[in-house]
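Across the two complexes that follow, subunit A remains constant while its partner is subunit B and subsequently subunit C.
Let's look at the complex of A and B:
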């Protein structure tokens, strides 16, 4: 079990030593089970930090805001920011490094191992509790979670309420960090693409039907994009509005802007959005599952990314976020790649 | 809205036979923005071009689409035509309705419809074309030739005699290549060394040629007219200026290794001169076979070297050079012994390859020009020559014909008979390919004057039996089984690209064909150019070749290089990539993917080297943020072209 006190101690120390500007972590919320992000500057405030199975967020998302903020400052503080990451989140840092979005010196990484568990799926937990409200979740002594409800504490095996991505996780402890909290325990995962089987086994017409139904639901709130640490582009190609107007866009360039898709959330445009995003995340998505979690319409977006992750693995033996020095999937070509049509 | 003119070419019946060109012109005349559309039998002809010029002037056209053959053929023609009428050349685009339409379809109605769509989509493209001016760059008036065989030597001499400086890079200790190993050359039977060595000497004495032997190209960057190369000069441990060729060192060197020059028929020392006429005329210490340079390990050679030419402290050296053009003439090697086990090659000492036999025939060879077999130094009385050993065998070996073997086998059999009058030469062949001036006559001479017995068929088995090499085969003309008790067998083994040619090709970014020979840009029209501009090919590196062909190509390559070096500036197509700084996040994917190394990151944004960029568009297809696009082929243009092709 991860020791929260150890995390606090490390956090307070780096703040005291002035090693970091501030630390991005999580604190408990007055509203609901899930914590909320905390930006901690003072060593005293580290007491606010929490770490429990409800810490589902991928905080690397905030590195994007940090970068934008810094770009605006006249005399930016060059000190790194501290950031608390799980295994999956740490892979995002590697991708951001690989894409030179951040530099290694920009971050001080407090890595936390998930040891034998992971984070929970709120929906699974709600089902399990049959309507009872969970007030608090904690890591248990072994591979279980301790849930506090109005009736007191109960223990539930983690496996039963873990989120799907944790069940298919490839990074049970951070792959890049400055400080590691917890043990480097490796869980045995037989098939990291198991959840896909459900859809892959469907005949094409059924699959199409499934996706059409799902994608048609999308209201294009772009929550999935906003929460994605890889969707850090200043202007997303699907935003036809912001795409055109900046005061200093030369006329010649304006004339070259394309409206790739209409804003209206109709089937064809929704498909274009989701296909574009899936393709843009191929070889970059690190499966933190955040897009799917935040979708207000429960669209299983993760499957799209997961499927492409599988293709990348099988066709090119490529995995995102384990090596910040590897060339990106779309821009690398290995002689050993199975395709023999290009020589 | 632009004012576009359309010119639909019949290309005789090449296009008009399948595409209703009148209909194409008529349909296009209705298209938005098209103010002129007409068809003509040959638009590329003088009157055809005049039609364009007149239309541009009369109808005040600001853009032109010629629906005709592939842009690789007449794009330049029509751009120049447009320019001469006062238009910017890049306001002219080609709609390919021949290669991509009439030639590949039969159904007139459908082909016509397709031609209309292709042309419409090109109109959509040209409508958004920018007017561009070619990019101009200065030229480094110096060339590099890689490989010092006859091809490389010829190219270097042609360049140098025209007045350009040349760096000739050869990885062996001496230039000469394979030709210096040959005895006499078909079809005239002049002595190979006698005709080659004067050229070698000329190279070594030429004030414009910088000869770098025992050297290899390590790295290359830049572009046509302005290449930067790094050449690794391996240490020879002998100072060529001091070495007097006294040969004292080899007398004390304790090491004996197979002599490459004689293909292992003789031995050499660790310190050696490849052959007496070597250029540069100096000894080389082969560090791989020397037990070590420390005087404790051996040090004998330095002890006896009177002029103190041996320097154990010599270090590898990297020489940086700038050149404007490069000629690759890395030649060939013979098919490896290990790959050709079926003929007892490498197993029986009296089964030789062609080059070994050349050494036996050579007056300077291991036997002083006497034909003696390696195993017991007896004169072989029955010699079997086997053609196509490893060639024309797609299943097991090389699919291609090595081209030179028919001729040199006839030469071998003939020369053998000149040496051993009472001997018998047999040649197993599939068929005889003797195309070339005096080549057929040469083969006939071997048969008629020298009684060489040509047997059409394949050898099924070769084995040693009682001091003889038994050769079993079939004569497919008579259907008879053949059994020969041979004293010696000579294999005309396939020729292959020289070892390491693939690595070099990667460094130079020039393509290879399926067999590993360096690929020419066009098999018919650009046979001496590689696909990379400013790099040319010469000799057997490009395909198996004999000496006259290698020399002809070498001179061709030199002429091509001169056509670059003789210019003050070179012009480069301005249809290059352009970065939208606002959208670029500096992820660097385009940098990694650019096949021409034209991109780099500067201050966190992609930057295009316009001279290197070939406008291939790979970056544009890779960028997630649509932040990089090729001028006059922007995503917007592509988008509209697709729409037009789909009938929208």
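Let's look at the complex of A and C:
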């Protein structure tokens, strides 16, 4: 079981020693079970830090903000930012390093192992509790979670309420870190694409029907994009901004700017959005599942990325986020590739 | 007009309303949303708060305003497309969501009355439901001049009395609906009236969350435009569209031409929801953006709701539904932000 005190001790130490500017972690919230992001500067504030099965966030997304802030400063503080990561999140750091979005010295990584459990799926838990409200959730002693409700404490086997991605996780302890908290436990997953196969096994017409219904629900709030650490482009195809436009840009040039998709939330445009995003994440998505968690309409977006993850694995034996030095999937080419169109 | 309806007779009433398009909260997987009801038997008013409010029906996310085309002689033709007038009924409107429509009424009903909005608004009858227990743990209607049995904006308010509904109609549209199935409704007894008052009084006590001293907030915000407060509060915001798109009172829109053919020209001018959290919101064509970062966007959301709207219309532009709190991906809590702002620097 992960020791919160150990985390606080490490965090407090690096702040006191001035090793980091601040630490990106989690603290408890006023309005629900999930904690909220915390940006801790003072060593005494590390007491606020929490670590429990509701720590679903992939905090690496805030490295994007840090980079933007730094770019605006005249004399930026070059010290690293401390960041708390789980196994899946640490893979995101590797991808960001591989793409040179960040440098290794930009981050001081406090890695936490999920050992034999992971993080919970709030909806699964709600179903289990049948209307009772969970007030608190903690790691138990035996790969279980201890849930506090108004009627007291109950224990639930982690497997029953873990989020799907944890059940299919390929990196349950951090693959890159400066400090590791918890054990590198052994754990076997029989099939990392098990949930995806439910969708893959549907006949094409039914699969189309499934996706059309799901994608039609989308209100294009772009929370799935905004929460994704890999969606760091300053200019995204879905926004009608363009940094090329200045007060001197002639009207004709502006008019010629390509509009990739309409703002209307109709099937065709929604599909364009989701296809573009899925393609842009091929070989980059590390399956932290955040896009799916934040969707207010419960659209199972994770499957789109999972499908491409599977293709990359089967066709190119490629897995994202394990090696910051490997060439990226979409920008590399092997001589033995059977297709010759690219030569 | 006040009547009572046996709970089991609700589907029969719905069946009588065949000349209307009927919406009701329906369960889709793990959440509830308003959808057209296809079979009267499935009507279920034992629901949690819907993801989207009835805003999505009265002020839909996409609306065609007009079609345009050029013929061979290069003559431009424009054809206005107004929503069709088939009357609609929305069942299970939460009192706060009903009140939200009285706020969007002000926005779309000033000197210029928006015909698209009013066509739908006028042809829709809103049947509300008292929140005997709050449908979300983040409800705080009492702090923003609302109540779990408010009748504002509603045509009818129903209250669950156990095996029957107490139906109060406040408008002609409401009376028509009750009169369309006269045989199903009875006059309330003295006991029904007593039960109603008791339930209404209790419903207020069950609201857990509140903003203290909301009335002090607008004046305070006025001096906080340039405050570093917004930088700190927005640190974890990911600038998505959830808080504003789900908000029953947010009404910002964008207009675009969707061109389906360029020669001859053919297309539609379309209005879609917009929101102040997106990077291209009110961005100028020069490239200048008046709200360039997330701090200024959070400030816009809070100030619009608790300062500008109050100055313009003497109402908060928030009805306390708690949607923006429950659904924010990073737990930004409008109650907390407002209370911190109220106490800031004192």
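Quick notes
In this text, the second predicted complex is superposed on the first by the 318 of 343 C-alpha atoms of A that agree within 3 Å, B and C clash if a C-alpha of one lies under 4 Å from a C-alpha of the other, contacts with A are read in each partner's own complex, and residues count from 1 in each chain.
Everything that follows uses one rule, which is that a residue touches a chain if its C-beta (ideal position, glycine included) is under 8 Å from a C-beta of that chain, and two chains touch if they have at least 3 such contacts.
Since the model is a prediction, treat every value here as computed from it, not as a measurement.
When the shared chain is aligned, no partner comes close enough to touch A:152: not subunit B, not subunit C. In the superposed model, A:131 lies in contact with neither subunit B nor subunit C.
By the touch criterion stated above, A:204 is placed in contact with neither subunit B nor subunit C. In the superposed model, A:18 makes contact with neither subunit B nor subunit C. After overlaying the two complexes on the shared chain, residue contacts for A:100 are found with subunit B alone; subunit C is out of touch. In the overlay built on the shared chain, the residue A:30 is in contact with subunit C alone; subunit B does not reach it. In the superposed three-chain model, the partner touching more residues of subunit A is C, compared with the other of subunit B and subunit C. By the touch criterion stated above, A:232 is placed in contact with subunit B alone, subunit C being left untouched.
Judged by the document's definition of touching, subunit A residues 246, 249 lie at the interface with subunit B and also at the interface with subunit C. Note for the complex: subunit C touches subunit A at residues 28-31, 51-52, 61-62, 137-138, 209, 235-236, 238-242, 245-246, 254, 256, 258, 270, 272, 274, 278-280, 283, 285-289, 325-327, 329-333, 335-336.
Within the complex formed with subunit C, the residues of subunit A that make contact are 29-32, 34-37, 39, 57, 61-62, 65, 123, 126, 133, 217, 219-223, 225-227, 239-243, 245-247, 249, 254, 262-266, 290, 293-294, 296-298. By the touch rule above, subunit A contacts subunit B in their complex via residues 99-101, 232-237, 246, 249, 252-253, 255-258, 280, 327-328, 330-332, 343.
The part of subunit B that touches subunit A in the complex is made up of residues 128, 130, 514, 580, 582-583, 585-593, 601, 604, 622, 624-626, 629, 634-636, 639.
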